[in-house]
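Presented below are the structures under discussion, each in the form of structure tokens.
Next come two complexes, and both contain chain A; in the first it sits with chain B, in the second with chain C.
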Partner chain A sequence: MKRTGLFIILTILVIILSPIIFMALFSVSENRFIVFPVQEYSIKWYISVINNPVVLNSLGYTIIIGLIVSGLSVCLGFMSAYWLNNAKGINKQLFLALFTIPAIVPFILYGLGFLEFARNLGIARSGFAVVIAHTVTFSPLATVYLFHQISRLNEDIEFSARELGAPNYRVIIEIVGGQIAKNIFVCAIVIFALSWDEYIISWFVSGFQKTYAVQVRNMLESTFSPEVFALGSLIGFFILLLVSIAFGFSRKELTLR
Partner chain B sequence: MNGQSAVPKIMGSIHILWQSVLFGIPLLFLVILSFKRYEMGLPVGEPTLYNYQRLFEGHLLYISLSNTIILGIAVSIISTLLALLAVIGAWSFKRPVIRNILLFACAMVFFIGLVPRSFIFQYLLSEQAPLSKCWDFLGLGIFPFQLYTWGGLVLGYLPVFVPLSIIILFIARKEISQEFEHVAKELGASKIKIQYDIIIPLLKPSISISMILVFLLTIADVVVIDLIGGAKVYSVSSLILDFIKIDDWGMAASASFVFLLFILVFLYLISFAFQKKISL
Partner chain C sequence: MSKAIIINNLSFSVGKKTILEGINFSVQEGEAFSLFGASGCGKSTLLKIISGIIIPQSGEISVFGINPAQFNNENRTVATVWQSRALFPHLSVKENIWYGLKFKKKSESYKERKYEEIISLLKIEYLQNRDIKKLSGGEEQKIALARALVIEPKVLLLDEPFTGIDRLYKDKLREDLRELLQKVNCTFVFVSHDTDDIYSLSDRIAVIENHRITQIDSPTSLYNAPISKFIAESIGNFTIIPGRIAEVDVKKNIALVETALGIYSGLINKDISFQKGEKVFYGIRPDSYAIGAEKKMLANALFMGKEVKGNACKLLFKLGDGINVNLSFNNPEAYDLIAKNVDNATNFIKLSWDPQDALVLKN
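Take a look at the complex of A and B:
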């Protein structure tokens, strides 16, 4: 059983990780074209991508968008999760299902509708439009996740704080928010990563300033360069760092519980 | 007390209002757009059913819709099955190291750029890639997972969705008490019987969630289908994108609206099936 288990896990890890391993491998190839096995190794594509202002601009732009989207989504998600947890006389599961619809509807449909909406408002082809569209699609995930976290909390603590005269904002921010602060942080990281990698909505509504995913696709479609692999590997390392931090926090949280 | 209960209501209302306006109105715009006829990238004439007539008269919608459904079903079944095997395999070890490595790899992979990963997979499925050469070397005939084939496309989706399925099943497996296994072992059940008769039935809700989610994400995808499926496996997303590329926004919107209705009907049927099962 153990041997079979190990074989299955290794096979699945190979399927999952092979694109990333090959991406890292081709990123250090001297050759401009994809050749396997790699003949000569070089870090010139890393240097090239670091010195590419278009790529750096798109990275900075995507980071800013990701940060705003994750912040906004977590705030909105927390607010609706807190309301759902405290609401009485409503079908909570139904509301939760309704909240998740924007995350389920294919992004290409929403992107197309949102582009028309944004054109009429005069905000199409802007970072503002990307932020709004991403927040609409990813904030439901924050609602669902934070609702489950809040519903697990001991209500007596909140009640005691109120009895002791704590104002509403302190109860909500310090007592409820404080207890799930690490979950909020993990949620923000996940939403940041989703916003970072989202392609189709950004393709519809971002203007001349392109997000990372759109920029990479453009680079692949126009003049192919292994810079894309170097960039992908660098991003992979960055996301690895983020996920590690998120993992560290959630594990610490579990240990404390 | 009234003041206290009003605060959560206000908080919830803000998000509901945000979603209703910024999600509801764009979808309304999509519907309105679907009744506009476009020529040379510009809207012409009064609102009309012309786009829908063209869409239903042609065969592209039916082909793309059936391709999308077949692809979605195939990817969701294979991804969930592989994930289930991986989770069962990971739990066959007493120490949690293997489980943590698997979960960590899945979580990490899921967030690494989909576009460059799919592009690399496009290369891995090409004729010059080591995978195809190994197949040739072993004399196994034509490589069944070549680029721009059904086999290649399904394989191309696996690195994208298997991690998601693993994460879903992993969380569910963690919730199952060890006592079930201990009791079954005490009663003399074999390891395979424990998995088949105890663990898998307990994982059924999560297996369903995984399959539905992977199905929805597969049918909505535009990146992998474009890079690995090419023109041979034509999905609804490809159809919509093709209309957009020729600036026929009305046709793109009408195809989108039909697709949206299909998804809503699918979700309704799924929830109906779930409710029926619960009541049974």
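Take a look at the complex of A and C:
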């Protein structure tokens, strides 16, 4: 039984990871064309990609966008989660369901809608528009995740802090936020990764400066180069590292609880 | 001595559910006052009202002349030790105790002195560098006490202070707390459903039944003259037998009660009127029983067994259809009395008591 379970899990894992494994394989192929099995190995595409100023520029740009989006989303998500948890006389489950809408609506429709919205505001085709669009898309996920963390806290702890003289903003930040600091960090990492990878909305609203995902798409549209595989492998490793850190923190949290 | 807490005709409900109704009492400055009642009777809610966390729908409350709803950082005089302790799990032991001091408009040297005073008073110097998540229940309790007392409250509220603490350590902690009450210049309000706690720590006890206060008295008075079945049973550990009033002699404060076991006489409270035929409870004080027919009131009891713990011996009986009677003795030889008196064929034995050791209680 144990062996069957392990076999099933490994099979699923191979299916899930096969695109990444193939991408990593082709990224170290000497050959410019996709030939399987790989005949000759080389790291020349990695050297090429890390010396490509357009790629490096888009990576830096995406990191800045990701950091701002993740910071804004977590702040908005935390505040709305705290409000929702303390709200009286409302259907909290209904609100939570509404908060998940941006994640459910197809990104192509959402991106198109946001483009029109941004045009009316006069911010279309700018980095600002990408930040706003990603924050609007991902902060509700932060709300839902952090709401579940806040709702599990012992409310007497908050009462205690107030009784000891803490002003409201310090209770929220130091006591409520402090207790779920690790969850907030995990949430920030996940939103950074989501913003980093998001392509469709970015393609609609970004201007001259492209995010890395849009840049990869552009690279694929023009002349194909295995540089894309090298870049994809590097990014894949980076995202895997981020998710592992996030997972490590959430596991630690669970153990402590 | 002035009044620390005054509550007049206070009521609180959640939706249509009544939590507290017509609550009236006052607590003297420096008094150790307890709220006793079954789980869910509203005693913890009352504590939250005193601390200003819950605002009642009607009635008046003042704590040293201030309505708790108007408490702010300058005029707050109350601190609470919560049943869950409510320590800040992400802060160190020292940061927990310091937390309230941060908001006091006092010099750093004063705060440092207060901190040192409190940890020395509670003898918790050794806990300062311990991980807050690795404290035992008793240690958590002491940190929660230190955190509350360091801000020098005039009123300290303790909600079920010994919850989750093992029996052996609980007795020691209760001793420590009693010692602390004498050293700290503070008014205490406890909430508990444990009679040992309230007996050992309170000057007066208010009993809450069905959302109302039914009796406020000293522990001794509550034991000697409980006015309800709940108080007699839970605080006095009385044997309770249901019955009906057969006759009342108001002059002698005595009533005859007809029960399934026989007709018995017992004392009545002169302030409470009883009618012939009225359903009542007949309560027998546990320390009044004699094994054998030595006293005036008699009942046949089925001997169920004994529990011996060191020098103490508990004899277990059943009266009638299943009313338990547990008699405790401080010597294991008490069991010999059974051997002398029990009917070996049926295991029945006579228990007796005097009318003045029994009370007639309202249904």
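The criterion applied here is as follows: the second predicted complex is superposed on the first by the 257 of 257 C-alpha atoms of A that agree within 3 Å, B and C clash if a C-alpha of one lies under 4 Å from a C-alpha of the other, contacts with A are read in each partner's own complex, and residues count from 1 in each chain.
Rule of thumb we're sticking to: a residue touches a chain if its C-beta (ideal position, glycine included) is under 8 Å from a C-beta of that chain, and two chains touch if they have at least 3 such contacts.
Note that the coordinates shown come from a computational prediction; the quantities given were computed from them, not determined experimentally.
Aligning the two structures on chain A places chain B and chain C next to each other without any clash. By the touch criterion defined above, A:34 reaches chain B but does not reach chain C.
Shared-chain residue A:245: touches no atom of chain B or chain C. When the two complexes are overlaid on their common chain A, residue A:154 makes contact with chain C while staying clear of chain B. Once the two complexes are laid over each other on the shared chain, residue contacts for A:232 go to chain B alone; chain C is not touched. Of the two partner chains placed by superposition, only chain B is touched by A:104; chain C is not.
By the touch criterion stated above, A:47 is placed in contact with neither chain B nor chain C. More residues of chain A are touched by B (comparison of chain B with chain C). Taking all C-alpha atoms of chain B against all those of chain C in the superposed arrangement, the shortest distance found is 7 Å. Common to the chain B and chain C contact sets on chain A are residues 162. Chain contact summary for the complex, chain B toward chain A: residues 3-5, 7-9, 11-16, 18-19, 22-23, 25-30, 32-33, 82-83, 85-86, 88-93, 98, 102, 104-109, 111-121, 123-124, 128-130, 158-159, 162-163, 166, 191-192, 216, 219-220, 222-223, 237, 240-241, 244, 249, 252-253, 256, 259-260, 263, 267, 271. Remark: chain A residues 1-2, 4-9, 12-13, 15-20, 22-23, 26, 34, 36, 76-77, 79-80, 82-87, 97, 99, 101-102, 104-110, 112-114, 116-117, 120, 132-133, 135-136, 139-140, 143, 162, 168, 172, 190, 193-194, 196-197, 199-200, 212-213, 216-217, 220, 228-229, 231-232, 235-236, 239-240, 242-243, 246-247 touch chain B in the complex.
Against chain C, in their complex, chain A makes its touches with residues 154, 156-157, 159-167, 175, 178-179, 181, 256. Across the complex, chain C meets chain A through its residues 48, 51-53, 73, 76, 78-80, 82-84, 86-91, 99-100, 102-104, 133, 147, 151.
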